[in-house]
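Below, subunit A partners subunit B and then partners subunit C, in two separate complexes.
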Partner chain A sequence: MARSVTTQHKTIATIAAWIVALLIFFPILYTIITSFKSEQEAIQGFNLIPSGTFESYIEVQAQSGYFKFFLNSVLLSVGSTILALLVAIPAAWSMAFAPTKRTKDILMWMLSTKMMPAVAVLFPIYLIFRNLGLLDSRIGLMIMLMLINLPIVVWMLYTYFREIPGEILEAARMDGASLWNEIIYVLTPMAVPGIASTMLLNIILAWNEAFWTIRLTTTEAAPLTAFISSFSSPQGLFWAKLSAASTLAIAPILIMGWFSQKQLVRGLTFGAVK
Partner chain B sequence: MGNITLKNVSKSFGSTSIIPGLDLVIENGEFVVFVGPSGCGKSTLLRLIAGLEDTSGGTINIDGRDVTGEAPAKRKLAMVFQSYALYPHMTVAKNIGFPLKMAGEDKATIDKKVGDAARVLNLTNYLERRPGQLSGGQRQRVAIGRAIVRQPTAFLFDEPLSNLDAALRGTMRLEISELHHQLKTTMIYVTHDQVEAMTMADKIVVLNAGNIEQVGSPMELYKTPKNLFVAGFIGSPKMNLIEGAPAAKYNAKTIGIRPEHMEISTTAGEWKATVGVAEHLGSDTFLHVQADGVGPLTVRADGELAVHHGDTIYLTPDKAKMHRFGPDGKALAS
Partner chain C sequence: MKLRTLTLGLLSASALAFAAHAESITIATVNNGDMVRMQKLTEDFTKANPDIQLNWVTLEENVLRERVTTDIATKGGQYDVMTIGTYEVPIWAKQSWLLPLDKLGDDYDAKDIIPAIAGGLSVDGKLYAAPFYGESSFVMYRKDLMDKAGLKMPDAPTWDFIRQAADKMTDRANGVNGVCLRGKAGWGENMAFLTAMSNSFGARWFDENWKPQFDQPEWKKTLQFYVDLMKADGPEGASSNGFNENLALFQQGKCGMWIDATVAASFVSDPKNSTVADKVGYALAPDNGLGKRGNWLWAWSLAIPAGTQKADAAEKFVSWATSKHYAELVASKEGWANVPPGTRSSLYANAEYQKAAPFAKMTLDSINAADPTHPTVKPVPYVGVQFVAIPEFQGLGTTVGQLFSAALAGQSSVDDALKQAQDAATATMTEGGYTK
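Take a look at the complex of A and B:
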């Protein structure tokens, strides 16, 4: 017998979902509210209605130059994503369509590197970066971000490619398509949604990455994560300014995420349900 | 032309040998069916001919040309897959026209040939649809359309009807046979369904564990199976294989008698049997009986025969149509 879903059930579920969503989103919302308060209001305790002042934003920009950090964030997240795709697409293709008996082991091993605490390799990585002259360089950080997100990118693409039936590629081969034509006319159109959602997710992950971006940069390559942290240490008590900086840092990715939520959800759940 | 010759072709995956080494000649215009149980290597053999798998040894010649190391595209073969393998992002017209596009034909030629193929396959009204909007039978027709437009040397079919329901399978079987009569092109068809093999083939190749058990016309295999495997595989319901004293009486290790080659009587006969299940199909009745001293047998009787569970009947095998097999499982000369 099919389970019946009444209107009442639906209403309750909807309200519950809204409450959970609001709870999750609340810290971000409160940060945004606080950013429109004066410093005095901000330390006065819990208050959901700000006076609506822009002074924190003006000061933050005057003090530290938001746009340089923003530009670095864009370059690092997009650059590292492109690098990751260049490596991950061929890797995922070969694992999905020409697997060997070790393919599963390799995939699991790649994923296992994500379980490793990053701090465990902080010193070796730091020393390598110093010796290669990559500290505080965009290219160095791009490589670092690419490497830490690569397991997820390969896994996502692998799952996605696995959904493309091998017989379709074989049919293209039988139909006289060269490898190049097979990629252009058959593979790419079928894989574009998967590649796009992987790209989006990776941009978000790279944008939010705060461990390596703060530790391997000082000024030149510093992205928005470093921008926020520069407010938190010496001026930690200035909640309004810190909130303004945080809002500025998360706003671009929040807007991007909002517009691409369909692709993101599809990308994250792909392969989970048949 | 479409002569295909396999010489000592073998295939292994790692240390597992799928096809130990096999010779086969397929003449131009023949409809050849590879049949055998799951895992017998029939699909692998087809894929070796297609070039989708590399051979581990031996040579494959198409029209006298050695194509063993050639890419699938260069072999001028067309293949219809079990899953149809249509391009989901392309319309029916684009799917059918894809091989022509790959061959560098101009748009006018492509349109004309796609239109012709669509007419033959009753797809004219569906040309602008995508595969997702078609039924199983229509999808299979698109897959066939994609195969016929490029006028290949031979068609390869890999269990093309196994995803269809029984009624549609019957219709498509006729359509493919009709297509073969029209095109007169070599067709190689893989199936595990011996009914498809019997009804469609000019020549059946029975495979078992990568070896060819027997090659011949459907009636040759039906009338003179070379060994127990072929005897048990070809024919529906299966041939009754009897060992022990009843076989020894005919100087054989095993005797085989088809369900339709036994005379039924309610009074006297060679074997006394008790009826178990009687399947009344209308045209025929299949009796599953337990014969004294012989064992379980399947008997095909007239549809009107009124026997029921628990009845006693007498069976007399038609000796002229009995098959005798030696201890090695090979047929004995009659």
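Take a look at the complex of A and C:
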């Protein structure tokens, strides 16, 4: 028997959704509000109405140039995403269309690397980077971010590729398409929504990555995570400035997420109800 | 036309030659007012040293500590100058990770560095880091509340007086807590305060044979006094309060007394941010008549890692940033009150500084009252007033800090916290090979 959904149920569900959304978004909202307060106001306890001063933004910009960090964040997140896709698309293709007995195990093993605490491999990675001359280099960090996010990218692409009927690829092969042509001209266009959402998610993950981006950079390759970190102080008032730095750092990715939310949600829920 | 081309070519070539010749040094530092000010004033240095470029890396204290430790232990060579504290210097110098600072220049006047600070930054008589600013801890109190309570704060109070004053100043109805002290767990948070406090109660972390001493009556007296005092007169949720939280409370007029870093004096007396700026008095950290006060000693200092390829340029910078000239530069641009405190005796002899910083004398007296090489009443095998200068201390100090913070929050008893601290310290010292 089909379940009847009453207006009352819908209203309750909508209110519940709004409450949950507000709870999740509130820390970000309060950070933005705090960024428009003076340091004195910021420490005076809970207050949702700021005086509207821009002094923290001015001080933050004067203290450390935002744009250099911003540019590094863009280069690192986009660069690592492109690298990840270049590696993950062929990997996911082989797992989806030419699986072996061990494919599932390999997928699980890849995912298990995400369960390891990053700090456990800090010294070996640092030494490798030092010996290869990759410390504080954008290319080194792109490779690192690509490796960190690769399991998720492969998993997501594998899920999307599995939705594509193998017969279509077979037909392309019958028509004489080579392996590369098959991947580039047949598989990739069909999986564009999935690849796009994977790309967006990977950019967000790379943008927010703070452990390695702070520890493997000094001045040249430091992204916005290092920019935020420089405004925390054990002695002194810094809440408003830290909030301004955080707002500046999250604003680009927040705006990007807002405009691409349809693609993101579609990509993330793709195949969920199959 | 030809001449113009030639001139342009020559100019470009000389510019390229200069750029190739210019040496850049990378300085890792923390985000505090004095360090940020120094970054703004570096033009003075680069003008005098046009062949040296400065790159800054500013990080939160704990991240900075982890970053520079990783880099120096792996000889990563990412930094040419590091901002480190009195905790790191003796350990790193013994590991030969730091270069001795013996080329600071003829006019540097190293003998002017306050002896207690120089002692904390030297190993075997050699200076391994130059102090940028130094601090101790002292009592900051509300003169108006003290008058209201009918008491007069002595220059050198005892812990009993502090308890008596706190009891009288506490006015819960008006949101006034008699005393605000650190409670947030961490080796540099509550354990900095409690270790310094324990020195004045005759306690020590280890005996001469590195045997942990938390099972001794002196630690019981220390922790019991602290927990009782904070329960009776401290702010709500004190186990989460560190320097910044207590600073906010004091500035809002919610603390009668606050015992913390001397550097806080410039914040609480700043009328722009403090509602009680004109009502603050200062006194030495309390004692119990045992010969040691409950104050610490710390100096953020500039050191040069042994792995740097640019030692000469780095030492030139360190010399400039910690010189008398730099103090005068800050005074001329931003006033004497903003000169980094606690490093040079000459600053405290300066009448203009004394006038601009009413807490100057008490700061110097506090620094001089701390002796990092003899920090405790009974003898100890370690150096450090509010820490033990061994590599294991960061981890152990934080573990013990969590236990003591839990005792303050009422999650465990004082006896339980001390017993667990003794067990943790015993395990650490056995693992480290200090004891069998």
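The definition used in the following text is that the second predicted complex is superposed on the first by the 258 of 274 C-alpha atoms of A that agree within 3 Å, B and C clash if a C-alpha of one lies under 4 Å from a C-alpha of the other, contacts with A are read in each partner's own complex, and residues count from 1 in each chain.
In this text, contacts are C-beta pairs under 8 Å (C-beta built on N, C-alpha and C of every residue); 3 or more make two chains touch, one makes a residue touch a chain.
Being a predicted model, the structure only gives us computed values, none of them experimental.
**Student:** So, A:167: does it touch subunit B (first), subunit C (second), both, or neither?
**Tutor:** First partner only, subunit B.
**Student:** Name the contact category of A:43: first (subunit B only), second (subunit C only), both, or neither.
**Tutor:** The answer is second: A:43 touches subunit C but not subunit B.
**Student:** What is the contact status of A:238 with respect to subunit B (first) and subunit C (second): first, second, both, or neither?
**Tutor:** In the superposed model, A:238 contacts subunit C only, not subunit B.
**Student:** Does subunit A have more residues touched by subunit B or by subunit C?
**Tutor:** In the superposed model, C touches more residues of subunit A.
**Student:** Is A:117 in contact with subunit B, with subunit C, with both, or with neither (first, second, both, neither)?
**Tutor:** neither
**Student:** According to the stated criteria, A:230 is in contact with first (subunit B), second (subunit C), both, or neither; which is it?
**Tutor:** After superposing on A, A:230 lies in contact with subunit C but is clear of subunit B.
**Student:** First (subunit B), second (subunit C), both or neither: which does A:189 touch?
**Tutor:** Only subunit B; A:189 stays clear of subunit C.
**Student:** Taking the contacts subunit A makes with subunit B in one complex and with subunit C in the other, which residues are shared?
**Tutor:** Residues common to the subunit A contacts of subunit C and of subunit B do not exist here, since the sets are disjoint.
**Student:** Flag every residue of subunit B that touches subunit A in the complex, lowest number first.
**Tutor:** Listed in rising order, the residues are 50-52, 71-73, 77-79, 81-83, 85-89, 98-99, 102-103, 146, 150.
**Student:** Using the touch definition up top, name the residues of subunit A that touch subunit C in the complex.
**Tutor:** 39-40, 43-44, 63-64, 122-123, 126-127, 130, 135-136, 214-215, 218-219, 222, 226, 229-238
**Student:** Inside the complex, what are the residues of subunit A that reach subunit B?
**Tutor:** My answer: residues 165, 167-168, 170-178, 181, 185-186, 189-190.
**Student:** For subunit C, which residues count as touching subunit A in their complex?
**Tutor:** 26, 28, 30-33, 36, 39, 55-61, 63, 66-67, 70-71, 73-79, 188, 242-244, 247-248, 251-252, 261, 263-264, 267, 272-273
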